[in-house]
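There are two complexes below, and they share chain A, which is joined by chain B in the first and by chain C in the second.
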Partner chain A sequence: MLEYVARLDRRWIFLMMLLAVAIPILFQLRFPETPTPLAKAVFDAVENLPPGSKVLLAFDYDPASEGELGPMATAFVLHCAKKGHKMYFIALWPVGPQMIDDQIRKVIKTDFPNLVYGEDYVNLGFKPGNEGVIKVIVTDLRQLYTTDDKGVNIDKIPMMQGIRSVQDFDLVINVSAGYPGTKEWVQYAATPYGIPVVGGCTGVQAPLLYPYIPDQLPGLLGAIKGAAEYEKLVVDRYDLADVGRYLEGLRRMGPQLVAHMLMIFLIIAGNVIYFAQRRQERYRP
Partner chain B sequence: MKRTVPLIITAAGGFTLIVAFFIPATESWGEVAAIWFDILAAIAFILGGGNLVRNHLKKISDQTAGWAYSVITLAAFFITLTVGLFKVGARPMEQQEYYGQRFASLSLEDFPLEFSVEGTIPPKKSGRRLPDSVHGQLVADAAAGTISFRGWMEPNQLDDLKNYKHLLEWQATVETLYDKAQPPEPLRGKAFYHAGHRALAFAGRMSEFEYHTLRELAGTPEWLAAVDALYEATNQTAEIECPADALPERFDAAAISPDLSYDEELQRLRFTGPMPLGLRDRMVRRFFPVATPLSPAAEQVLVNLLKQAGPLSEAQIEALSKAAAAGWTFDQLIAEVNRAGEPVQVPKTAREMLAEKQAGATVIEPMKTVGEKRTLNNLQQKFLREFDSSEMTVDDLVEGLRRMGPLSARQVAALRAFLAKQPTAAERNKELGFALLRAGPLTEEQRDLMFGDYRKQIRWRRYVGRLFAAAHVVKFPWSGEYRAVGTPFWWLYEYAFKPLTATMFAMLAFYVASAAFRAFRAKNLEAVLLLGTAFIILLGRTFAGVYLTSWLPESLSFLRIEELTIRIMQWFNTAGNRAIMIGIALGIASTSLKVLLAVDRSYLGTGGD
Partner chain C sequence: MNRERMIWTGLLVVAGLWLLGRALWVGNGVVYVQDLGDVTVSSDAWEAVTETARPSIFRTAGLWLAALFTLAIFSFLYRDNPFYKIAEAVVVGVSAAYWMVVGVWATMVPNLFGKLFPATIKAWAMPGLSPVRDPFSWLYLVPLVLGILLMMRLAPKGQWLARWPLAFIIGTTAGIRLVGFIHADFLSQINSTVLPLVAMESGRFDLAGTLGNLIVVIGVFACLTYFFFSIEHKGVVGGVSRLGIWFLMITFGAAFGYTVMGRIALLAIRLEFLFDDWLWLIDPTGARPPM
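Let's look at the complex of A and B:
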């Protein structure tokens, strides 16, 4: 029996993981979320700015990590739109513009049709060069961004008046799935020029960004849990708790809880089998 | 030489960035170096693509294991590259297409008209050039003390020039030049010169009179040829097949435009000249009246009609009433028109402000109030409330309001804009129909009653769209967005790239679970510590952690799993990561110096390839 379990076909484990993810989704399992100080710091960074502040939203992720980062990007755009900030979108990842388009469609065009492109929000699109782009635009944005994503001359965009570099923004929000991402924004924008940066990142990145907290990075949302905490703060503040599409992070925490429990169970089970086998080997004649 | 050049580039680039970082005066050097880096990064995409093709072609050629995957990779690569690069299926960008205008090629040098005013171009402290939009068109003659503009100045050029220097004298000169650099009166708003596109343009159909007026402006062969070409282009007739039953009721081509006609015998819809977007939209809605608020009596009539066509439940009647109440009201319209009748603040022209300044004014207000307060009188309001779009057009409504009292142009515009934003009766009925369907079933006859007009409107809109496309000559076919919704690139991204990459990432959960079961063993103390930490973090990242230790009293709250998670991340993780990062940074500094000083040349390769 022990041998059978030890050599369990991995497809059974895959099936268990499938069920662990599928059941909470099908049954709409939701659990309460208590925001941590880091999520509160991110919320405060956006909330404490006066309406009309200039916020640069750098969406450096792709469809692969959309499941983990999409909800927090949605919450960031929602928060900025509710607060009445001017939103400037850019991307250092080639498919970043599609992520920006998704959020614009999902939040701005759906719930804020009165916001005008070029006056309230603008998509500056993707630029290759990774941290090299940040290095240039922190001192002169127009060296690299002469047009927006649609090819409109930047000088013709009303909300670009008075923006000479990233230093003219009141806040940089970065949603990052890797390199280039929050780390580069901290290293090349926040640290040398004192530009306030807050971010959201994938779970595997979060431990690498903790060393920058709190001086260089006041707040950080780690993975879907961070998104759920931030979502809660935003929907509570703006009374949106009944708008389902703004609770996506909270919804995705259901499968995460069950999947984490399964992982713990599998680790314990694996170790029980391991010790049982060792015991058998020790007493084997 | 082959190795020396890269070494010099590396050293120069690296040291420039270091110097620029520490010496603020040399900051711009760093920018230049970083821009070159960005250009090289963009070129790296090309090199990467070339490398991908070479490697996979070799794999296919050698028929090594998995070569079929290489075929798929290359096919996907070339298909994506082709549809993205050549913008296959992408519609031209709206603002680049100048809908409603036709172009004739004419270079700036061949544009024969130049307009001059007295004045000079003020120097800009930052050394910036004149705006790009007037490049080559604006020149100064220092000896004569004049500035000249070649071409007809457009409003955006005026704005750019005024923003070039915020000096009242300069802005007033630009305004004078703008007034001068316009086509003669009969052609204003119709004839344009787009210097950036090297094109003489004309909006709408050019009449004989306009043609001769344009020709008389100059006699150069290039000018005459361009005017001739433009006349011919604006008088071309586009036609589409359109069955008579697709025409809206009471269709009258002349009511839309004298350039529109319908051939009943051949069942063809014709339009002469380019069609502007406004005309297209007017054509779509002109014969489908705007939905006016449903009075209780009109609502009852509709309910009776529905009941005659089939059964109608109480819930459906209630849903209908609720949906009907959601539309606009006459009070909103009256408020809108009255708001437009208020005096408005508009910016003064630079010439006005300059005149004030020269007259000795010490404080110059940049805004002025125009217009006088006008509100709809009782008679007008009553007339407006009786507006029934099925019996009266918006033009008739405006005419009637004018007869009953004063009505400013802004009020008329506000009224038209308000009504243009409202759904047509067909669209309103469709919404009511959906509301009824949500509350219960409808018979075929009831559906026809609620959706019949909308079907006709959609059908008509399709024909109008076809005619619009036929009447338009695409000017910049590649100006569209390659990733616009509906393009092949969008399809590839949305239905291949996105699900595939998301699937790859999601599969990690399955493999991690399998690995956790097989490999995560408490074999020694380090492994036990790792396991313990993993448990705490896994629990702490979910509600389970909160739930399991919520019973702990406040004095022991630091032992709660979510608190432990934070402590582990903030203390142990941060300390460990900082140590690693500082070590890496020191390593990078020493390695970089070795590379910049050409001590370490390993990045150049062995020289064998």
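Let's look at the complex of A and C:
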């Protein structure tokens, strides 16, 4: 028996993991979420700004990480729209503009049709150059951004009046899937110029960004867990707990819990089998 | 036909029949669009009920392709197979083409040709561009020449010329990153690590803050000791060094846990796409009228 379990085909593990993720999705299991101080810090950074504040939203992710970062991007746009902030979207990833368009369609055009493009929100699109772009626009935005994503000259966009550099924004929100992302915003904007930056990132990046908290990065949403916590704060504050499309993060925590339970079980089982085998070998004649 | 192949063929036929039946009776996997003047935007089944939206053949085909490619990629978990190979080749091909197009339209046209010939580029591709040429625009001839030299790597002769632009790229990148790391990671992190070992909150002793600060200071000290190889790791130094290993292991464990969470989230979104958008088995966002 022990031998059979020790040599179990790994495809059974794959199947177990598939079921552990699929069943909670099919039954739409949801569990209560308690926001941590880091999520509250991100929420407060947006919430405490007066309405009409200028917020730069840098969406540095792509479809490969959309599942993890899409919910927090939606929550950021929803929160800014609810607070009445001016939203300036940019991207340092080539497919970032599509992610921005997706969020504009999902949140602004669906639930805030009164917001006017160019007056309340603008999509400045993608610029190549990674951290080089941040380094330039922290002192001179117009050197790189001469038009918006649609090719309209930014001098003809009303909400761009008075914007000379990133230092003119009240807050920078970065949704990051890797390089360039939150780390580069901290290195080239937050640290040298004291520009307030908050962010949300993939799970892989989160442990690398925690050392920046709280001096260089006041708040950070780590992976889908951070997204779910922030989402809860936003939907509770604005009474949107029954709007399904704003609960993606909370919904995806159901499969997370069951899959993590399975992983813990597998780790314990693997160790038990290993030590049992060692014991058997020791007492084998 | 061996037994395994027979089982798989049977399963695929049953799944195909179920899918066909569901598509015919339920109509799952259909994408609706709305015509708003000269633009077509995505819509949902609710709008189709009120006849303000219509099914889109191309977007529906796109959704079915996305679903089938997702299954093709998943099939690799069982074994390498032709479906997986096709999906993999498509991903690589599309990505390469996308990067090439982005490189031309997002880098070369606005950042190089748009600076050298603004009026021509404005008339041809970027109507929002200012036609006035910057007095120092001739400086952009430098990156143009360096770019051409970089392409020499592909030439049969004179490949060594590509080393100059490469040296320029490596030098500037190292310079930019060095400054960023020294300021944000080295100096600021030293500043963040110098913490009071007894934390006070509003004039009172703060136990949680004190413990947190102690962990940070001891953790940094122990980890630095582990990477300090000028003294042999035995005695007190060895003990502190082993403590450093514990801190590092906990860090790696946290990183692994976060990575697992990220990967499960990616699996969850693909399954949600299959169950919701494609098969219409669930409807968490209320995008469709009840069946």
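Convention: the second predicted complex is superposed on the first by the 285 of 285 C-alpha atoms of A that agree within 3 Å, B and C clash if a C-alpha of one lies under 4 Å from a C-alpha of the other, contacts with A are read in each partner's own complex, and residues count from 1 in each chain.
One rule holds for everything that comes next: a contact is a pair of C-beta atoms (placed from the backbone, for glycine too) under 8 Å apart; a residue touches a chain by one contact, two chains touch by 3 or more.
As the structure is a prediction and not an experimental result, all values here were calculated from the model.
Engineer: Quick one: classify A:F14 as touching chain B (first), chain C (second), both or neither.
Structural biologist: A:F14: touches chain B and chain C.
Engineer: Give one of first, second, both or neither to describe whether A:T34 is in contact with chain B, with chain C, with both, or with none.
Structural biologist: Touch partner of A:T34: chain B, not chain C.
Engineer: Considering only touches as defined above, state whether A:R245 meets chain B (first), chain C (second), both or neither.
Structural biologist: So A:R245 only meets chain C here.
Engineer: Touch test for A:N114: chain B only (first), chain C only (second), both, or neither?
Structural biologist: Neither partner.
Engineer: With both complexes overlaid on chain A, does A:K225 touch chain B (first), chain C (second), both or neither?
Structural biologist: Both partners.
Engineer: Thinking of the overlay built on chain A, is A:A22 touched by chain B (first), by chain C (second), by both, or by neither?
Structural biologist: Once the two structures are laid over each other on A, A:A22 reaches chain C alone.
Engineer: Given the touch rule stated above, what does A:A269 touch, chain B (first), chain C (second), both, or neither?
Structural biologist: first
Engineer: Applying the document's definition of touch, where does A:D215 land relative to chain B and chain C: first, second, both, or neither?
Structural biologist: In the superposition, A:D215 contacts chain C only.
Engineer: Quick one: classify A:F126 as touching chain B (first), chain C (second), both or neither.
Structural biologist: Second partner only, chain C.
Engineer: Hey, what residues of chain A end up touching chain B and chain C alike?
Structural biologist: 14, 17-18, 21, 64-67, 95, 127-128, 132, 135, 150-153, 156, 192, 203, 206-208, 211, 223, 225, 256, 259-260, 263
Engineer: Could you please specify the touching residues of chain C with respect to chain A in the complex?
Structural biologist: 41-42, 77-78, 98-99, 102-103, 106-107, 110-111, 126-130, 176-177, 180-181, 183-185, 188-189, 191-192, 251, 254-255, 257-262, 264-272, 275, 281-282, 284-286
Engineer: Chain C touches which residues of chain A in the complex?
Structural biologist: Where chain A meets chain C, its residues are 11, 14, 17-18, 21-22, 25-26, 28, 64-68, 70, 94-95, 105, 126-128, 131-132, 135, 146-148, 150-153, 156, 184, 186-188, 190-192, 202-204, 206-208, 211-212, 215-216, 222-225, 244-245, 247, 251-252, 255-256, 259-260, 263.
Engineer: Within the complex, which stretch of chain A touches chain B?
Structural biologist: For this pair, the touching residues of chain A are 8, 10, 13-14, 16-18, 21, 31-34, 36-37, 62-67, 95, 97-98, 101, 127-130, 132-133, 135-136, 139-140, 143-144, 150-153, 155-156, 192, 203, 206-208, 210-211, 213, 223, 225, 253, 256-257, 259-264, 266-267, 269-271, 274.
Engineer: Would you mind writing out the residues of chain B in touch with chain A in their complex?
Structural biologist: 21, 27-28, 30-31, 34-35, 37-38, 41-42, 44-45, 93, 95, 131-132, 156, 160, 479, 481, 483, 493, 497-499, 501-502, 504-506, 509-510, 512-514, 516-522, 531, 534-535, 538-539, 541-544, 546, 562, 566, 569-570, 573-574, 577-578, 581
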